[in-house]
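Consider the two complexes below, in which chain A is the common component and chain B and chain C are the respective partners.
Our next item is the complex of A and B:
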């Protein structure tokens, strides 16, 4: 996540689940952890048993709230206002952890005099380029530093983050930083924090308006509740105590989602809670290996280990490295990581003489994420599509658009355990029902291939705390079921055979690719160990490497993903380590293997004070051992092992040597946690409250209603609700939000097809308050129809006080809660919530807003067939939007 | 004395032991005791990463339960994790390739080998048809914008690795997964 990346240097969970037991206060926001990560939640309960305060800030009262010591309600889409209220409280009541803030954050840095805040420009930061809907970041920089060519980054590869990912800042972002911070520190700073343009004073000014009264107006949270949360956090932070934050996609799926996480980062930096036991920000991810799928990315803008994909202007390896490789920090060795990757992929063919086969790599030229690809399918440009363990027909916002896109392909391959909606849309979908699609008109050729499950194959998952864990194979897959490993290996083998004699330059990469893997058994399953070993890499002697520090830029080492280097040290699969937790320290370093270098808490240098002593005995974790002249402790120190706390960089120092002994955030150019982000984000150096794309509420802070640089695709197929005050806005008067249930999993493929889970949670429903039920004549157990400008869906009604009403700026506001798991296939079926949403996305990471929108609700079931289209058209007409044929 | 209620008047007043037993319950054994082997696994649902033990008998998974050795999960599983065996053995599970020809109105059968071969042909053809060697400035692009891929967050690292490696060699850049969605 760039929210964490821009604040701390690496984009991921700063801590691990078991560490929550050490917290004195835990704030869970944007997450229903007890229901969606129930087993991880045991560590919250451990903390509570030890007397910790557990605070759940959420629009609904859930089982997480029931287990918390405080439930605090909040209108969906307003968390930045709430967190801004906490920042305001800390600053106005002088409750920050002064030593930590002064030593470990950029509070003292002085910012360019051209910088203007949102209060000066009515919701805009300085540098807004109206015609591009983007910011020029030049005025956000440290004084006397300038950043070249930052505008327009949003369409390129710079925004290399994503909702669920942990990653360091991309080298390009790093490069930008290092241009700024040649000497490892800002050129001007004021250690007294009094300079009017120092970060600390700007922060104070920015959050001055986020008073408890303002929070109450925006969030609908009673002001005394905000004060109670802020006070609990302040009381449980400092030398002796630490507080932790947990979040999930309730924070990320917004048009300003990255800034939600930034806001929490500011709170945690002010209170001194990063890098310390019981502190941190824990991102809770929803898929078994979503972290792994970013580390070894099935993402367009990255190569393994967060190396950026080359762009068109990178005509050769030299240019690529020059333009992408920073001058300081870990990324100064990107040449070694990159050339080792090329050796892993192209073997002997990658040499200095062949420019390491760099020219075999495809180039990116803009945003090639999933939404532009879908638009490409609708236009007929994208002709073939692989859907592998995903279900966009149910799981993607404005799913109708995705189904219609798939109906416009030449060919489609779907690999899954079940015949999911994304395989069946051509004869079973809302478009078939309304007559917008007919099977005999759909040209797409479809291959459905059954997949093997995790018990039928071996391999590693990377969990939410960056931990690789190996699952062994229990049984052979049945019938045609095969792993993805099998499918892609054999597909690649087949294609290579067919093109063996090709003289086309484009086929060179396939011909020269290393694609020989040992296979096992009758079905010729590639050996996953061999693949993990390639990911780990080897040296000149052919032996598995133990650390990425040994990677070389001269072609003598090969490594498929540098951050995973070490997982196969000494030819052992460390992901498969299973020393029982009961036989190890609470950190359990010998269970699985975590990147980087098996560290469990990141930035753990900050668990010691500037002199290297633990802040307190109670919060002892990593410290400077003056006798042995090394850092030691419970975890692998996240610092140069022998860099003393009093180390001062000599003139002209580079890389790690340019950072002093009191800079725990070693991937940041200045080694500090960033309260103000001069770079790395495209929508502002400070988080500020904007309303969601679709909201019935006016932004009371500024004239700007929503994030000015959010990405939109306005079309007849993707219309947006009118903003409040505009004609037709009242047509969609309620706030809507979506969430998961314990018994189901995302788009339902792995749960609606499972008998036990379908029985436990059999039917789509919506949650409404008694007041809304009365207003719209909804009956508990009856039916409701939820309407947006995209479509209308039906759901059983659950009338419950657990979804409260809000009084926003004096007006009562109702919220409709919608679990989003359903679709038309499987044992338990129902209308799909994602059909309701528009596609409107965060500009940093291209993630859609599905956690706060607007809608209407009516009693009864929705109409069928063409009558459904007519109903939606009636709403569109009243809202002043184009109608659909 | 076969009626449990009567037996409850004896030593087992709360009916938590022998009073609740029958000849049948006395004769059955837990599946964990009769399994041939135990395989260590990891839950495939969310990213908590709970440890699992899969019990196998006669080449079939008969039971999946939490692994008490895991320092993260300490033996626990949630409802989804506990349903892992039924996920694997659901009556809706597909075991055969299905093929739908353009404008077809029904699925057809296709053997796996033919399917992989046909997909390979489609990839080669689409790639040839949509290949972009260079941009208008003559800078190399080496790619196809005619093929896209979505998926990865539930897959193994090794699988994602081979996917990215093959796609990159094919010139496919539109590779995405759930991490974005």
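Our next item is the complex of A and C:
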């Protein structure tokens, strides 16, 4: 989550769900929390019962809106404009939390004189390299000080691969790279916030155009509603009050998704709501342990604990650390985290003599994320594929392309509870129906393996608020069902056995791996405790470590993921703690264990004022105890325990010591919350509004219609709708958006086979307003066909006033709502919404844009077989796109 | 014994060796988020089958009603006026409208007509004051079905037995909370001793009504003096019962049974008399 990482230093929710009860105002945006996080939503209800304002900003009136004190409509894909309107309101009405902004944000930093904003360059920031469709980030830096983004840049630079800025460095730039903070401050800053190139003034200028009138033009949100939301936020922020934001994939699944989160970060920094009880930004993750799967990542560009994956140019550990490690803040100990990781993986084999086995690690040379891998399958470059806990044949955009890619593999392993669409596509899929694939031509060898469910295995989940919770095994897995842990452990053992006598250097990594865990029972299930203990790490004495502060870069400690260090402190599995809430404080530190170091609210130094006193009695959380000369409070302080508020770094200080006693964002190079991101994001230091890749609406702010550095794969398999004003644009006149329902789980593998869930939402349907229904002759309970340039799908019709009609820039605009759970398998079946979408993704995190697109809608069911291809070709012809055979 | 007395709940509870405090549900619709966890938990615990894959196109309600195999049912009521209101604050707030959700269930009436009409003794009043069908005794006659003033109890197509909420009798006997209340994430469904629930509900109603938007809120079936003598399961509603599809003034359908029998008895006696007189007259 580089949106949060670039702003605050860590890519995780800044708060926890139980803390929402303390909020005086909660804005839920890009999230349907009541439907998709019903259990966590109890804390929103608790806040509402205590009198908090609960605002739901959403294109639809959902079950969350029904619980909110205000529902505010917004056209899909325009949230930056809305949030920009709030920033504008705060700045023009002088409502920011002045002391907080001056002390804890980078508002005073002076930016490089070469920086140019989007208003100067008609939708581009300075540094755009036309031929590469990417930015050279040099002009976004602080003047004479080059800072690395804490989590973001390393992800960003790795993510963007060869998009990295490559211009030769001037002497001044070279000097800037070597320069350190001076007594905790950048070389050039203006504490009065008046300098025309200081962040605060740039911010004011950037958001000057985001007036309530402009917001209404772009978002279709009545201007008085925008003002009411902005006023509610301002009135509920400050010393005495705090406001929180909740978001989920309604924000991330856009070609500017990361910048949505950045925009909210700016609002929360201006209002002083980060690091304080009842404040923060809660990133609600899509399902169990998604947070865990980025902490201990299934991502190509990260190692455990957000350590960047080495790149080809990193020839040895020294080069890698030099290139990747910032000079200030906690990340200056990355060498200890990295070498301890290598010790956990390679044990005795990792030593200074073997360069810590660094050369066993794969290197990245570009973008190896999901979509390039899928394109690689189509080209025949990628030969094999594991599908685990996922159903790309239903859940990925332009699913047809995914199915065709999987049909071009040598082998495919699918581990699931049921024979899902991703295992059955070779004989049961829209491509088989239309004749684009024939079962006898699919050469992929598919291994369908039965998976154990969560009741049949033990282990930990890391939930949305970084909380590790242990689940115990209830029953033994049936038949051949096995856990993921069992599968990978035994697969690894078998491969290692085969390679035991290999002399090939390429097999060294597997041979030298530590791969022994205690196993349990007849099926030899690895003991998940042993794995979690290895993740926690140990010291020379073999005892479990209690904190990552003990990790050393000399090979004397081993740790599988530094941020999880402490979960096994004193040889106790803290993830399994279940002390009832009634027997401890409301923070409940003895329920499970949260990274880092069991902190529940991150950056909580900011809950005290610069002098270390709580901002107010009402919002008391962590404070400086002058008598004991230590930080203390309700939570584990997120600060060096004995660093006094008045600490000023000496000349030449590095690492933690370079940050002063008033810098709560200890992973940032300057210890500040970033209103302006000089590094860490590849598409801009400030969020700015662009239209989605496919939108019937022209961008009213700039000539640039969409994010100039978004990633696209234009081909006959993945054509894009013409932009507004281009010939054929009117062929797809409606806005479409996709979402989930309470009753089903993501791509449906876990719910469409369960009768009790399926009967609650038994069929694929679309939601349309009465006005659109009248315009297209749709009948409630009847059928509709939804058409994009990729395909057409059919859905039952639910006509409802919960889908508002929008007036955008004077023109009526209709929205089609599409829940995406269905596919051809299971008890409850239907067409897949993801078949409609194109692949067009955010350049920072490569997440697809499936929350805002365009389409056409017709009454009645879709044609079958070749007639379906003919219908789509007719649309393609009219839109000026290549037809499919 | 007069038939009318058959609905006396207290006496029957008291016949148990170890009578318990009367248990019930307080369903606070202001807290219901419509997640249907109650429906699913109920079916899982009570091993009830799915009712089939029917898309109703009626808001998000695809189970439609309480029946022999759906013992908790969440009703969805959409009332939206998109942008069609005026400009003042009150109207702006209400402009987006509302989407009411209410988890319905058997009311476990104090005067339960289903129990009155059951000829086999399958329907009983338990030691918890709840009304339960003993499926192994039920002969499927179906008298109870039209007797229920709420349309709750129903005959299952599969085995012909009558079915409805038991307030998880099997869980109660083990001191456990009924499955629906246990699964509810927002405490919209609250389980407990009826006296305590009623007190809690009174306080809650006062708080809800203090909000200008919810002046019409009321407790439904909370009292002792309505047509069913109060419900073991009762509700906090934001609008009139009929908005949620509930009868506004339910009456135990056997209320007039005693009187009817008396009238019928008198009529019969009169008829006998008339017949006798006629016969006597004919002999003449």
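Throughout what follows, the second predicted complex is superposed on the first by the 845 of 885 C-alpha atoms of A that agree within 3 Å, B and C clash if a C-alpha of one lies under 4 Å from a C-alpha of the other, contacts with A are read in each partner's own complex, and residues count from 1 in each chain.
Here, a residue touches a chain if its C-beta (ideal position, glycine included) is under 8 Å from a C-beta of that chain, and two chains touch if they have at least 3 such contacts.
The structure presented is a predicted model; accordingly, all values stated were derived computationally and were not measured.
**Student:** Using the touch definition from the top, say if A:625 reaches chain B (first), chain C (second), both or neither.
**Tutor:** Once the two structures are laid over each other on A, A:625 reaches no partner at all.
**Student:** Just to be sure I read the superposition right, which of the two partners does A:467 touch: chain B = first, chain C = second, or both, or neither?
**Tutor:** A:467 sits against chain B, while chain C stays out of touch.
**Student:** Between chain B and chain C, whom does A:70 touch in the aligned arrangement: first, second, both, or neither?
**Tutor:** second
**Student:** Look at the residues of chain A and decide whether chain B or chain C touches more of them.
**Tutor:** B
**Student:** Applying the touch criterion given at the start, work out whether A:510 contacts chain B, chain C, both or neither, answering first, second, both or neither.
**Tutor:** first
**Student:** State whether A:809 touches chain B only (first), chain C only (second), both chains, or neither.
**Tutor:** Touch status of A:809: no partner.
**Student:** Give one of first, second, both or neither to describe whether A:757 is in contact with chain B, with chain C, with both, or with none.
**Tutor:** Both partners, chain B and chain C.
**Student:** Examine A:284 and indicate which partner it touches, taking first as chain B and second as chain C; both and neither are also allowed.
**Tutor:** first
**Student:** With both complexes overlaid on chain A, does A:240 touch chain B (first), chain C (second), both or neither?
**Tutor:** In the superposition, A:240 touches no partner, neither chain B nor chain C.
**Student:** In the superposed arrangement, which partner chain does A:304 touch: chain B (first), chain C (second), both, or neither?
**Tutor:** So A:304 only meets chain B here.
**Student:** Residues of chain A that sit at the chain B interface in one complex and at the chain C interface in the other, please.
**Tutor:** Touching chain B in the first complex and chain C in the second, residues 38-39, 42, 742-743, 755-757, 760, 827 of chain A appear in both lists.
**Student:** Sort out for me which residues of chain A touch chain C in the complex.
**Tutor:** Against chain C, chain A makes touches at 34-35, 38-39, 41-42, 45, 61, 63-67, 69-71, 73, 222, 224-225, 228, 741-743, 755-763, 765, 769, 780-781, 796-802, 804-805, 827-828.
**Student:** Can you check the complex and tell me which residues of chain C touch chain A?
**Tutor:** Touching chain A from chain C are residues 31, 33-37, 39-40, 43-44, 49-57, 59-60, 62-63, 78, 80-83, 87, 92-93, 96-101, 185-187.
**Student:** Any idea which chain B residues touch chain A in the complex?
**Tutor:** 39-52, 54, 56, 59-61, 64, 68-74, 76-84, 86-88, 90-105, 107, 110-112, 115-124, 126-131, 133, 135, 137, 139-166, 168-181
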